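There are structures below to look over.
Okay, so subunit A shows up in both of these, paired with subunit B first and subunit C after.
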Partner chain A sequence: MTIDLKPSPARADRDVPAPLTLTRDYSTPDRIYRAGVRISGGGVFLLLVVIGIFLAWSGYPAFQQAGWKFFTRSGFQTLGAHPTFGVLASIVGTVEVAFVAMIVGAPVAIATALFLSEYAPLKTRRSLIAMIDLAAAIPSIIFGLWAVFELQPNVVGFSTWLSHHLAFIPFFKVVSPPLNASIFIAGLVVGIMIVPIVASICREVFSLAPAGEREAALALGASRWQMIRTVVLPFGRGGMVGAVMLGLGRALEETIAVSIILGGSFTVTAHILQKGGSTISQLIAVNFGSGGTLGLHDLLLCGFVLFLLTLVINLAASAIVNRSRSGAGVDL
Partner chain B sequence: MTPENTIRTAPHGILVETTSAPASTADGRQDPRPPEPTSPNTATPPTPTPRPRRLPSPIRPSAFGTQDAMILIMAAVSSLCLVWVVFYQLTSLSGGLGFLVCWYIGFVALTWIATAQVIERQVATDRAVAVVVVSAAMLIVAIVVFIVAWVAYKAIPSIHWGSLFTKDQKSFVVTDPNALDHVGVVHAVIGTLEQVLVAVLIGVPFAIATAVYLNEVKGWGVKTVRTVVTAMSGTPSVVAGIFIYSMLILTHVLTYSGFAASLALVVILLPSVTRVVEEVLRVVPSGLREASLALGAPEWRTVWSVVLPTARSGVVTAVLLGIARIVGETAPLLFTAFGSQVVNWRGYFNHDQGALPLVIFSDVRQAQPVLINLAFQAAFVLMSIVLVLFVLARIFSRPKGKNGKRMKPGPNDDDLMARLFVPIPIEQNEENR
Partner chain C sequence: MTTTLSSTSPADADHPTPFTGTPELGQPGQVDAHDVCAWFGGRLVLETVDLVMEKSKVTALIGPSGCGKSTFLRIINRMHEVVPGAQLAGSVKLDGVDIYGPGQRAMETRRHIGMVFQKPNPFPAMTIAENVLAGLKFSRVSPADKDDLIEESLTKGGLWNEVKDRLGELGGALSGGQQQRLCIARSLAVKPRVLLMDEPCSALDPTSTLRIEQTIKEIASEVTVVIVTHNMQQAQRVSDYCAFFLAEENQPGRVIEAGKTGTIFGSPTDQRTFDYVNGQFG
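Coming up: the complex of A and B.
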């Protein structure tokens, strides 16, 4: 890159020395380099657009067949003369799994983040963070394996216990008995899986709480919890909301662990403790290749719905986290 | 409490001043203050200077002694007894996990009550929160350690090392009692290696170029692309799979093949690695760039010879973590590689191909104990790969110091992992860094 200082032509006729203007002149290799990385950046943008277009385009035949009833019916009956299929039960199941996951995962994640940022001794902090990060690195299929063979046998007893003693809460009611392969167990695993993610963002947000206010609180005699309650949590509130939303996006998309666990049924149910239920991603993964051409289009349409759902949630969450990190909206 | 303390703790935990202490204490120790200077010229007796108030030793919620440990232990024991009585004697509740949950709630509650009785209420709240926070972190660490150990424990006893990495699944016979001698996962290992390798070769250069665009070139469109990258790293992996399926396989451009799987993995790899590399490029001091430009180097040369080498360790970390992320992805492979029982490293572009996650996913649902064992062995191999990559990434994440050894990390380093898994936004506002 060369920078030339040239006399400004408009003032050349006057006596005063002409102010110089700054122009940049890129050499040819620089032009190629800049164009190259621009194309790469544009390619990423294009990729997102292409994903959306292709999923919409290849899901459209299913939408043509079902119309808006696609969103109000459930089932995967795509063969035969009168196909009925829809995504309602799967959407409800997805929301239920994500809900259980958030109830279980978010408090644990926030507590873990508080531990890492406020309580952990400096010497062990790094190793602890590594362990939490490792939880994020464990493939979801291994989580699923663990859930089916280790977690589920233990949780079934707990589910039975809940259904016996807390049946007055509609969610915990059990109508038909087998309690394995339930939405509750799937949500539990997904809840564990989102902990490292939510905890990592929360930890970052907590560690950004201003040192001056922390010390002021402690100097006024606040205990550590009082300091956290009055300084760290209010400062990190936005970030916490964003982190939980990002975790929610992750919970909505989780495919394999849920597919291994869930029983799979197409009834809209609020009884999360009993076998059955499905999520959008589980519907796609399990029924792929089994419903003929129309089934394929149906699954691609489901994929499009999931894509839009996670896109909206993630964008909103990112905006919230960014806003919180820049310190806006914090009134200490 | 020695008598020289002028302050004592009232039963309610409030500090009150009670008496003024004598100048010398009962055990004969002298007052540490120097004697008053007496002037011989004045007849007036020296006015007693006001004695400085001794500060009370405050109650420190963070101080943790034997008494506090005893409170915790006693709370744990009594909660255990209480819940046991309630569970098994008074009501007929059952369930191991329910017992544990109730015990934990009782433990926290009893800790609070005991500390409030013995010390003070605000201290009690502080303690109870500390117990909750510590146990949450310990729970997650315990789960991670348990899962890793459990996979090894389930897999290792049944591994036939001779066949695991030399045989595929084609010669599996249900009735064979020594079936594990004749099956292995070599087809899946080869498939995974090919798919991941090609995905990295395609994805990483694009990711680095995009990160360079976002951080070095800037200008028009950067904000949009950054938002898109953030949004894309939250794209469900199953969507990446069916996207490649609908675009390339449904339209007969490709068949089910390892290459299609690689492309699906690129869709996942590209945005996540881009975001990490951008974070890494950000911390390259701008003085280095300016020095290079001032010496007359063109921009591309500055990036190639100054910025990227400075950020090398971070870029390597990003790539290693990216591999660790895609190597365990299962959902996209279902629609692209499809899975196969036999070795076909040559059929990468036009035949179904196996992969480690696919072996786990399909074999674990079989009724054959041999296949379930094989699934665990595949899980063990996968877990080992991820662990090795993870450890390597952590080693490479520390830049080399002057003596050629890797520098000691700061306490807040290594925050990169989560960025690969969730769309944590890259901070837009530069002034706050």
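Coming up: the complex of A and C.
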């Protein structure tokens, strides 16, 4: 069957015009501004790529020497006829420190943020916020020193208690004392260190929760906590995950405080309470310049591994942040 | 200079017991406001308001912007104190019980005296059905039949026919007028004795406004309604009683005249009321 299609009379004698090509006529300041933000934006991305390439390139000789065993062995013996070195214990240590830090730091940070945005009396709120922001600026070496001289002596007792009562959990089992200079203590310090920055971001997010919805909950007879659970937390979920991931990034890379605490023994261990363990950044910081040419290549390769680890975690984090925003972020 | 919350003497022999349980829920209540004053950050914005809002009637609070109508409304269900720096004095009684009296909890008061706000504020990440049940969730009451309650509340709110096939959709996906009716349904689901409405139609189109006015008339038998409105026609259409608020220059807001709506609009005793309801100012 055919249908005889006829052009509408109005169209018959008229050609459809071609789409206009719009020229963008930027003013000079606009052009300069565009160039500026393009260069700085592109520059940051370029820097990331260049650093990655540099690390992979400079670390390659070490990889040639050790092969895939680099990832299954531990240690830093790069001098002599039979060098053995690897990153396994340091990867495990890094993850363990970060894990302890998140377990300790994230809940405290979120609770602090809730207190600041919801419960703190108005008069003291401002100064408390200023204090938290200030705490975020304390250099990590200060935390490290404080941890060695103040925190550690006081935490060993708690570690002992944990090892006595929770030894059935492999993490808390102690095979060989002593209990100082442990992954647990290092994680504890890092956890305390990340509280201010995570709390600061979370507070900012919580304070943006829509006033209308807060009042809606209260007017329906919700208690303060019910209002927070219904409005503030769902609204802030995306930002909360982002803040915690930022803290995690910091926990993974923290060098100086961890180096001061950890002795640096290259044993892969799940027993986080006992002395020993190392992290990648600690391995690099402690051994820099002491292993000859091969040692340098080794450390750069370790750096590449850390680089990839943080990259993967941050990408995963941004995926979570994006996902948790949709649905909870419907704006009125 | 200000006492935060004045209350009736607790030693009073016939001081009524605090309302706590649910038996009175669902019965329209009478609100007596006496000597109500309000401050924001030490500045007096509302002065000695005495007003009775009769059971099962619709009372409209009218007056130009900034005369304290909304503040007064928020004092009736203890939402005023949520604002930082806000203070108040006087007493507000719900069926004889001072809601600011000793032992009275704000949460409990708000369950008996619901509120609908100027800007629709459903919980956007909750479904329509969840929004309706939100208030009951807060008071940890589980209704005998949830579906019945959802249907009943949405019907009263004038929204049932539009949403009955999509109760699982998010509240934030509705149009502005529908969202506001959802908010009304949500407030009615907890069966309050009084429903406060703070310019509920000012952000809505004429059709939605009409629907909401119908709703107000329909629910008035079950719940006392107090509505703040800038719309004179609306006040005339929906209310039984009217109170005219006015804040004269550099003065706190006061009630100039209150009475039957017909009287306020037809033969007000005060010249200022006459000027306002006849569109001379405001």
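By our rule, the second predicted complex is superposed on the first by the 266 of 332 C-alpha atoms of A that agree within 3 Å, B and C clash if a C-alpha of one lies under 4 Å from a C-alpha of the other, contacts with A are read in each partner's own complex, and residues count from 1 in each chain.
Methods note: contacts are C-beta pairs under 8 Å (C-beta built on N, C-alpha and C of every residue); 3 or more make two chains touch, one makes a residue touch a chain.
Everything quoted here is computed from the prediction, not taken from an experiment.
Asks: Would you sort A:G212 into first (subunit B), second (subunit C), both or neither based on which partner it touches?
Replies: Touch status of A:G212: second partner only.
Asks: Which holds for A:A66: it touches subunit B only (first), subunit C only (second), both, or neither?
Replies: Neither partner.
Asks: A:A130 in the overlay: touching subunit B, subunit C, both, or neither? Say first, second, both or neither.
Replies: Touch partner of A:A130: subunit B, not subunit C.
Asks: Check whether A:L122 is in contact with subunit B, with subunit C, with both or with neither, and answer first, second, both or neither.
Replies: In the superposition, A:L122 contacts both subunit B and subunit C.
Asks: Which partner does A:Q226 reach: the first (subunit B), the second (subunit C), both, or neither?
Replies: In the superposition, A:Q226 contacts both subunit B and subunit C.
Asks: So in the superposed three-chain picture, is A:A251 touching just subunit B, just subunit C, both, or none of them (first/second/both/neither)?
Replies: After superposing on A, A:A251 lies clear of both subunit B and subunit C.
Asks: Of the partners subunit B and subunit C, which touch A:I197 in the superposed model: first, second, both, neither?
Replies: first
Asks: Residues on subunit A in contact with subunit B in one complex and with subunit C in the other?
Replies: Looking at subunit A, the two contact sets intersect at 122, 221, 223, 226, 327.
Asks: Which bits of subunit C are touching subunit A when the two form their complex?
Replies: Touch residues, subunit C against subunit A: 77, 79, 82, 84-85, 107-108, 110-111, 114-115, 117, 119-125, 134-135, 138-139, 170, 172-173, 179, 183, 186-187, 190.
Asks: Report the residues of subunit A in contact with subunit B in the complex, numbered from low to high.
Replies: Residues in contact with subunit B: 1, 26-27, 29-30, 32-34, 36-38, 40-45, 47-48, 50-51, 54-55, 57-58, 107-108, 111-112, 114-116, 118-120, 122, 125-126, 128-143, 145-146, 148-150, 154-155, 157-158, 160-162, 164-165, 192, 195-197, 199-201, 204, 207, 221, 223-226, 228, 246-247, 249-250, 252-253, 255-256, 259-260, 281, 284-285, 288, 296, 299-300, 303, 306-307, 310-311, 313-315, 317-319, 321-322, 325-327.
Asks: Spell out the part of subunit A that touches subunit C in their complex, as residue ranges.
Replies: Within the complex, subunit A touches subunit C at residues 122, 210, 212-213, 215-223, 226, 230-231, 234, 327-328, 330-332.
Asks: Name, in rising order, each residue of subunit B that touches subunit A in their complex.
Replies: Of all residues in subunit B, those touching subunit A are 58, 61-62, 93-98, 101, 122-123, 125-126, 129-130, 132-134, 136-137, 139-141, 143-145, 147-148, 150-151, 154, 206, 209-210, 212-214, 216-217, 221-222, 224-225, 227-232, 234-240, 242-243, 246-247, 250, 267, 270-271, 274, 293, 298-300, 303, 321, 324-325, 327-331, 334-335, 357, 360-361, 364-365, 375-376, 379, 382-383, 386-387, 389-390, 394, 409, 411-415, 417-418, 420-425, 427-429, 432.
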